[in-house]
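We just call them A, B, C and D in the order they show up, numbering each chain from 1.
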Amino acid sequence: MVNLIDIVLMGLLLITAFAVVRMRDLFAIVMLFSIYSLVSASFFVNLDAVDVALTEAAVGAGISTVLMLGTLAMTRRYEERRPRHAPLLPLFIVAVTGAALIYGTLDMPHFADPQAPIHQHVAPRYIEQSGTEIGIPNIVASILASYRGFDTLGETAVVFTAGLGVLTLLGRFGRREELSDGRSMYHDMILRVIGKALVPLMLLFALYVQFHGELGPGGGFQAGVVAAAAFILYSIVFGWDRAQKIISPFVLNIMMASGVTLYALVGVGGMLLGGEFLNYNVLGSYPAGGQHLGIFLVELGVGITVAAVMLSIYFDFAARVAVRKMEAR
Amino acid sequence: MISVILDILSWICLMGGSFLGISGAVGLFRFPDFFTRIHASGVTDTMCTVLIIGGLMLQAESWQMLAKLLMILLLLTYTSPTSAHSLAKSAIRGGLRPTLGSGD
Amino acid sequence: MISANLPALQVIIPLLAAPLAFLLRKPRLVWPFALLATILTVLTSIGLLQQVLDEGVISYAMGGWSPPWGIEYRVDAANAYVALIVSAMGAIVMFYAGTSIRHELPEHKQTLFHVAYLLCLAGLLGITVTGDAFNVFVFLEVSSLSTYIMVSLGANRRALTATFQYLIMGTLGATFILIGVGLMYVMTGTLNMVDLAQRLPEVADSRTIYSAFAFVTVGVCLKLALFPLHGWLPNAYAYAPSVATAFVASTATKVAIYVLLRFVLTIFGVTFSFNTMPLGYILMVLAVIAILIPSTVAIYQSNVKRLFAYSSVGQVGYIILGISFGTVLGVSAGLLHIFNHALTKGALFLALGCLYYRTGSVHLDAFRGLGKTMPWTMAAIVVGGLGLVGVPLTAGFISKWYLVMAALEQGYWPLAAVALAGSLLAAIYLWKLVELAYFQQPDSDAAQIREAPLSLLVPTLLVTASTIYFGINTDLTVGVATVAAETLIGGVR
Amino acid sequence: MSTILGLYNYWIVVLLMMTGFYIVIAHGNLIKKVIGLNIFQTSVIIMYISMGKVRDGAPPILTEGVTLFSNPLPHVLMLTAIVVGVATTALALSLVVRINEAYGSIEEEDIHTQEKSS
């Protein structure tokens, strides 16, 4: 039964991917990518990766798609040009790479085989011990924030870097006051009412995902993205200039940096109290308590940075769109 | 006994929902212009989600799951018509006009 | 407490300094702060190298979780050595950046540049000291993304397309590494490098591991710009701001080479890489092509930054040639050349930055009569160029000497000839510059040009002088490189 | 036969990956390249998650009465990969916007001709 669902989902993935190759209408391609992302998120649920599914749906199908649409709005080139000559070299490279990978899979343990080495070494400790060592039910959250917490710090730094990069390239600087064009949707009453009703619910959901991440799927990344999505919805409906009155670029900048800083400082705190970097055991009076506190704080740091960066990136794009519209007029 | 009736009811809901979903998709492909297409998908979509989620609710094992499904249902009944509406509105503002009549 | 936490501090100092610098906002505050952070980083890496040489390998368990369950930082002679190169270049170039960036970028972008620089430094150091295969990928992305930011800040619009190309190829490389690590993980169940090295031999004779090896190698070679995967490098170096070029050229490819060494020698092991897989021959062929073709292309460049960028691709060839022998002598020659080339290229690109500061150009025409107008800058370029050629008394000579020795040790005397041919090509492009600078008169309006300000000249000359110092006093570099090569080849088993 | 049944899953994922990879290297439109890159990365994520699946396993959230869980480690790694992916995408797209402003085109060919002539 499960296999059938798998096959249907993989079939959908294949169809979407091939359609992306064939299509030339960029708008349709972006939408297809969004579908691809959403279908793979469903696939992840079926493969028991609920946390990953939540993230993929929010990030891939949500934020990435919004950014791609923003780019399309600025480039205004909806058709891809036909290539001049047959792509023989790329086909050759892809064929060789694909063949190497298929060759590589031949000796791999079979799909879902519980005896595979991957399930015998390292991972069992997480499953068996995390309940007592960390004391939270969500094993993924335990590994993410504690066992491999340093990876997550690096990843938060990547997010911060991305925010920095988009700020550098597109910049929210200058001429903000002249732009009143940000609220083209404002006069649509239905949108306004629904938007007003949805935004608080989304924020509530973001908080739920943030703080429920230890018990069920969720955590700082997912929560940050959902919170950013709430503000993005608000700024689509009410205009991004209004949204910027609620969270000014200045505050966003501070939030972007302070999340990473908080994460790193929790680690430094572990060092100061005599443990290793990111050792949460020493933070509390007993190890599991320290772990709780540490995970809570780092997840908060992740959430703050991710929310701020995603929103900042969106604002950068939106401001650019508005500038271009004004220049076009 | 009860469970059999619930099962049958839920399957009727699920099948009905699926039928509506597919007919909406067919409409999306076969109808002549943007507005009729969005009409096709927008109208069937709402009922389709109501039926499918209703069918799933009949299968729910716990109150918690029931409550979650209810919330999803509420969310979708709000958002899916709104998105259809705003799509249509943007199309109008973008200069797209419905193809009216055919014989004149 | 500090000495016990040195491995973590090595990465944490720049990583934490980056967001704090971002919070400071004002460029005149940010630069001194960033400089302070880079200096602390150098002190950390000196301490770390000292500690490793005294006490042997340091293992540091992040979060207190013992490996392989947690992430391990594992410092031995090889990565302490690379970390020192990276952080030392990081600090010197950061000092230089104060004036150069103020000149080249508008005020609101200066802070962003410095923050990106710190992140890049943190990323590179993170790749270097980590003992976890997946952690390499994460920090690789930190350093790559911040490099893209720095490159994109170049003044010419071609900086944007160069960055885009770099981004696409860099991401493909990183994804290949990710695939390779995944295949290794699925066969062994672990991500820790030491643990991998211990568990791989049992499953090494499987098609999955062959494939994993291929993907990791190709991915890393993309990152280190081995010919023919070097396409992103020349434009990225040519159009980035001077500081970014100097920093990236002297560190990023070097760290990528270190990653190659670590994967090939420590994780897969010499026997697997060089006997089971034909890595030695493949690398040797590519290295020979990389020494000859890009160096020839360099001769025909009119943009001098681009010229030296192509020469970098050629010099990577030398390093890879050393590695391809798979012997202690060969690898230590490669490691030596990593260090010497980092210094030499650093000096050259810093000097080009001085030139750009005064003339606003790095075109060949700007070199006309430069020997008279900017004698010190030109002297730095000549010394650096001689280092590329491999003239005695420069650092470049030492590494090429060891390289030739390593080739002869294996009986590959044609390869020694190739190395010399590469030097000849380098001499040709250097001569072009010398001829313009010393034997031609400056244009009338170029005659007004003065020597670069001291804040640029001092770091440039410092690096240049060090290439001579390490060309004469070789005890330190050769000693450490040999120990590092032995550690890498001896592996952890 | 058992090989096919046990591995077909991975083969489809390889096909997906190569589709994405092909889009990146064969297409000249910059936005399409970015989308191809995303498809490539998403497919690699599917590969990792497939590796972590255990037959009849439950999602790795400790619940009473459940003992067989899917492997949580690939999930953690791929959470990181997804976030890294979106970071790269955001940066790439803002580069595309800037390139379009500087060259008036997002087709690789046009940009090349402009760079050659300048």
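As a working rule, a contact is a pair of C-beta atoms (placed from the backbone, for glycine too) under 8 Å apart; a residue touches a chain by one contact, two chains touch by 3 or more.
Note that the structure is a prediction, hence the values are computed from the model and not measured.
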item: Starting at subunit B, fewest touch steps before arriving at subunit C; value: 2
item: Required steps from subunit C to subunit D (each step between touching chains, minimum); value: 1
item: Between the pairs A-B and A-C, the one where more C-beta pairs touch; value: A-C
item: Inter-centroid spacing, subunit C versus subunit A (mean Cα positions, whole Å); value: 31
item: Centre distance in Å when subunit A and subunit B are each reduced to the mean of their C-alpha atoms; value: 28
item: Rounded Å distance between subunit A and subunit D, as computed from the means of their C-alpha atoms; value: 13
item: Multi-chain contact sites of subunit C, meaning residues that touch two or more partners; value: 134, 138, 141, 145, 148-149, 152, 179, 185-186, 191
item: Sequence positions of subunit D contacting 2 or more other chains; value: 17, 21, 51, 73-74, 77, 80, 84, 87-88, 91, 95-96, 98
item: Graph class of chain-chain contacts, one of line, ring, star, complete, other; value: other
item: Full enumeration of touching chain pairs; value: A-B, A-C, A-D, C-D
item: Subunit C residues touching subunit A - in the complex, by the definition given at the top; value: 1, 5, 8, 12, 15-16, 18-20, 22-23, 25, 60-65, 68-71, 108-109, 112-113, 115-116, 119, 122-123, 126, 132, 134-135, 138-139, 141-142, 145-146, 148-149, 152-153, 179, 183, 185-191, 195, 199, 203, 206-212, 214-215
item: Subunit C partner contacts - residues on subunit D that touch it in the complex; value: 17, 21, 24, 30, 33, 37, 40-41, 44, 47-48, 51, 73-74, 77, 80-81, 84, 87-88, 91-92, 95-96, 98-99, 102-103, 111, 115
item: Touch list for subunit D against partner subunit A, complex; value: 2-3, 5-12, 14-23, 25-29, 31-32, 34-36, 38-39, 42, 45-46, 49-55, 57-63, 68-80, 82-91, 93-98, 100, 105-107, 109
item: Subunit C partner contacts - residues on subunit A that touch it in the complex; value: 100-101, 103-109, 116-123, 125-126, 146-151, 153-155, 157-158, 160-162, 164-165, 167-169, 171, 173, 253-254, 256-258, 260-261, 264-265, 267-268, 270-272, 274-281
item: Interfacial residue positions of subunit A with respect to subunit D in the complex; value: 6, 10, 13-14, 17-18, 20-21, 26, 29-30, 33, 36-37, 40, 43-44, 47-52, 55-56, 59-60, 63-64, 67-68, 70-72, 74-75, 77, 80-81, 83-84, 87, 90-91, 93-94, 97-98, 101-102, 105-106, 108, 110-114, 116, 118-119, 122-123, 126-127, 130-131, 137-140, 143-144, 148, 151-152, 154-155, 158-159, 161-162, 165-166, 169-170, 215-217, 221, 306, 313, 316-317, 320
